[in-house]
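Okay, got some structures for you below.
Look for chain A in each of the two complexes below; its partner is chain B in the first and chain C in the second.
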Partner chain A sequence: MRSYTIALAGNPNTGKSTLFNALTGLRQHTGNWAGKTVTSAEGFFEYDDASFRIVDLPGTYSLYSNSTDEEAARDYIIFENPDVTIVILDATSLERNLNLALQVLEMTNRVVVCINLMDEARRLGIKIDLKKMQEKLGVPTVAISARSKKGIDELLKQVMLVASGAVVPSPISITYSEEIEKKIAAIEPQVREMFGTHLPSRWIALRLLDDDESLLTSLKKWLQRDQNAASRKEVLQYGETACH
Partner chain B sequence: MASAETTLLEAGTGNQVRITRIEVQGVMRRRLLDLGFVPGNRIEVLQKSPLGDPIAFRVNNTTIALRSEESSQIWGERIGE
Partner chain C sequence: MERPLATNAPSASALDQLLDKARSMSQGDAVRDGIVGDIYKITHEICDASVRYEDRAKLASTSRLDRILTSKLWGFPIMLAMLAVVFWLTIAGANVPSAMLADMFGFIEGYITMFFQAIHAPDWLHGLLVLGLYRGSAWVISVMLPPMAIFFPTFALLENFGYLPRVAFNMDRLFKRAGGHGKQALTMSMGFGCNAAAIMSTRIIESPRERMLAIVTNNFVPCNGRWPTLILLASLFMTVSVSGGLQSFATAGVVLAMVMFGIVVTFTVSWVLSKTLLRGVPTHYTLELPPYRRPQFWKTVLLASRDKSWSVLKRAVIVAAPAGVITWILGNVFVGGDSVLNHMAGFFDPFGQLLGMDGFIIMAFLLGLPANEIVLPILLMGYLSSGAMVDADGIDNIKEIFVNHGWTWLTALNMMLFSLLHYPCGTTLFNIYKETHSKKWTILSALIPLGIAIGVTFITAQLARAFGWV
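Now for the complex of A and B:
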């Protein structure tokens, strides 16, 4: 059976946990990830002959303000490389919520945007043009009401398409001022040389330009982890040849 | 006539301001941007606390209170006057 990992990102109070519970039922437990004391719920479910592990990231407005929650969410998306990141948005407060969505879209293209609280928005007279949003964002965009479990099937369908690689989204790419773009162009090749295709080089270049020290710390940790893994591999290979 | 630039601190209760620039630096700047204090966005001054600081603002449908350290460094133009 194929297995995939999904990360669930979103602002606080957007119904992340409601969606999480709707997807996993009672099969959930609390987990944490490498080097972080921030814990986050983790659960499992099956859909369309595949098993999914879903990680409920801390609810944040941003991934750049460097609170512990935000660092944990950012590091998970960048270093743990989930097969799909679902960004859940509050339909009644899209302007603020899209800030986080854009940040995630700069980090990875494997994103499904999920607009929650559609019932509530309708009640307030807010109309959302899903098709247009999907066109603009460049990733699958679905509307749900997590509480009444509406739209979950369509969400899972889109998640499956992205997880399996049947759909490869090409998200909106933000072009910065000429000055910043020039600097990105200068830094990005070196970033790519260091991290290859494992990490998003344009995004890292941008964070370096922003003097994001917290990310630097995480990058150093990741490089060490990577080197340890590489040296273990070498020892193994050496052992194999010694046996001959 | 274009209205004069004011800080959020001095904008006055009940007024609406369109943000023109933010002089706050560092992590707090990032936080303010994330909360919706971005150039072009409309802010409403809701009320002052009894001692005048902090002041509550309405931004993107949410109430955010800022201390004078921050609100004195956010600039905008009054609208709807």
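Now for the complex of A and C:
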């Protein structure tokens, strides 16, 4: 049986834990406030002859390492290489929520965007053109209501497609101002030399330009970890899945 | 195919050089502002193209309610009223089921005792298993289960409704003035449930300084291990002069006053620390006020009962049962004409009297370090095995036991204050060490509250005696 790892990322209080519970049948405590999940919970479920390990990351507004939970979420996506990262968005405040989605898309292309709280949005008269949104983002985009378990099946279908490599999303690429782009261009080749295709070089270059010291610490740790054979095997496995 | 990493492994120093290069390039520029600004531009474009709002007025429904719940004028009164209602529900609702449970356990105890007599079991075995183990556990269940079964689900309903962030919003200004972080209000609210869990939740606070403030002061809000102590003592001793139906209101008032006092201490300690050991200016942050959501009533109630009420009770019984056995043994092994327990209590008694309490209470707090839930059970078992044989098969009899041991309202008040302020439980201290990696701060998180607890109870005891109130 094939097995995949999924990470659940999203702003605080968008229903990550509710979705996590719906998928795994576990009963993580949920609450209506930002910051309820500070440690990553882990659960398992099966779908379509594959087994999934799912990690509920702490909810964060950004991945710019402002706090311990943001660092934890960032490190998981970058270094643990989940097969799919589901980014959960609150349908009632999409504009703010999309920030995090775009940040994740800079880090990895294996993303499924999942718009939650659709029932709430409908109540408030918010109409979302899913097709257009997917077109813009460049990754599979689904709409669900985790609380009433609506749309979960479509979500899993898309997750499966991305996890198995049947769909290789090509996400929107963010072009920054000319000045920042020039600086990225000056740094990125060196980053790529160091990490090859193992880590997203453009994103790392951007973080270095933003003087992200905590990322540097994590990168050093990752290098050290890479020196033992066990984890290199893990990296090679990722290489295999990426080559599908 | 990818290039294997090992052939061209980058070194840590190369990384440092790269960061230096990046730094020198972005010198003086607001790179972060540029990045964030560009990302916002794109999210705005995406939303413009794919999201349509039919009725913008509907979006404002949440803010209408917020204008009241977080208003400068009404925010605090509503908050206090909500808290008072939760306490009142807990106290008024728990009385009858508590008495019924106690009666039931007393009834069963009669049969168990008959069984022991029928098989001619030795007295010490009956004492150990029935008077120690069984009574200890039965007591914990009948006194703690009903209030917890009401308090936690009610609190969870408020939480799922979305009220907690509003509490944080209201308290934000006060915490800022005390030198702390506004999110400290959230971690403080978590402390009402469990301090050990609240220590973990301080991870949402970005700055290490403000996080430490939140950790050190978290102990000053009563956790579920301490609620029963506060509620029981308040209803037994503090409101005797209030008659009939009003009594549960008065008890709720006393408990509310205790909580308020704990919050005042939280602010004071935060303020003192931020001026001394943890100097600094509070950082800015954004606090999201989520939309109000109608909680899924039964799911919330059942989940809270299972996760909170049941697990706390389990913990209490698991710790209290062996504690009951040990206390019974200590109370029935005699050295030099007096039980070991009495010797120990005698040793702590002068100190206890100084603080308006007695040696048994101090000992119960010491033995209760692993879990606050067991302080009261240990105390009661200590009293029961120390000669004054009163049957504790009803809530009313509990007061008789206390009074027989010289309790006054001052004893109750100071035990409540000590319980509210003293060191956090063992699990919490362990979590503090895990989260801070600092022996110094772990020890300080125990000593600062302990010092305050001793100081406050000493002052109240001396004042009450000086003015001849007791």
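Rule of thumb we're sticking to: the second predicted complex is superposed on the first by the 214 of 244 C-alpha atoms of A that agree within 3 Å, B and C clash if a C-alpha of one lies under 4 Å from a C-alpha of the other, contacts with A are read in each partner's own complex, and residues count from 1 in each chain.
As a convention for this text, a residue touches a chain if its C-beta (ideal position, glycine included) is under 8 Å from a C-beta of that chain, and two chains touch if they have at least 3 such contacts.
None of these values were measured; they are calculated from a predicted model.
Judged by the touch definition given at the top, the superposed model places A:R2 against neither chain B nor chain C. In the superposition on chain A, A:P12 contacts chain C only, with no contact to chain B.
When the two structures are aligned on the shared chain, A:I126 is found in touch with chain C, with no touch to chain B.
In the superposed pair of complexes, A:Y61 makes contact with chain B and with chain C alike.
Once the two complexes are overlaid on the shared chain, A:T197 sits against chain C while remaining clear of chain B.
Of the two partner chains placed by superposition, A:R225 touches none, neither chain B nor chain C.
Of the two partner chains, chain C is the only one touched by A:R147; chain B is not. Overlap of the chain B and chain C interfaces on chain A: residues 61, 64, 66, 92, 95-96, 99.
Within the complex formed with chain A, the chain C residues making contact are 1-3, 5-6, 8-12, 14-16, 18-19, 21-23, 25-26, 29, 31-32, 34-35, 38-40, 42-47, 49-55, 58-59, 61, 156, 159-162, 164-165, 168, 183, 186, 200-201, 203-206, 286-288, 290-293, 295-296, 303, 306-307. Residue ranges of chain B in contact with chain A, taken from their complex: 27, 30-31, 34-36, 60-62.
Interface of chain A with chain B (complex): residues 61-62, 64-66, 92-93, 95-96, 99.
Within the complex formed with chain C, the residues of chain A that make contact are 11-13, 27, 29-35, 38-39, 58, 61, 64, 66-69, 92, 94-96, 98-99, 102-103, 120, 123-130, 132-133, 136-137, 147, 172, 174-177, 179-180, 183, 186-187, 190-191, 193-198, 205-206, 208-211, 213, 216, 219-220, 223, 226-227, 232, 235, 239, 242-243.
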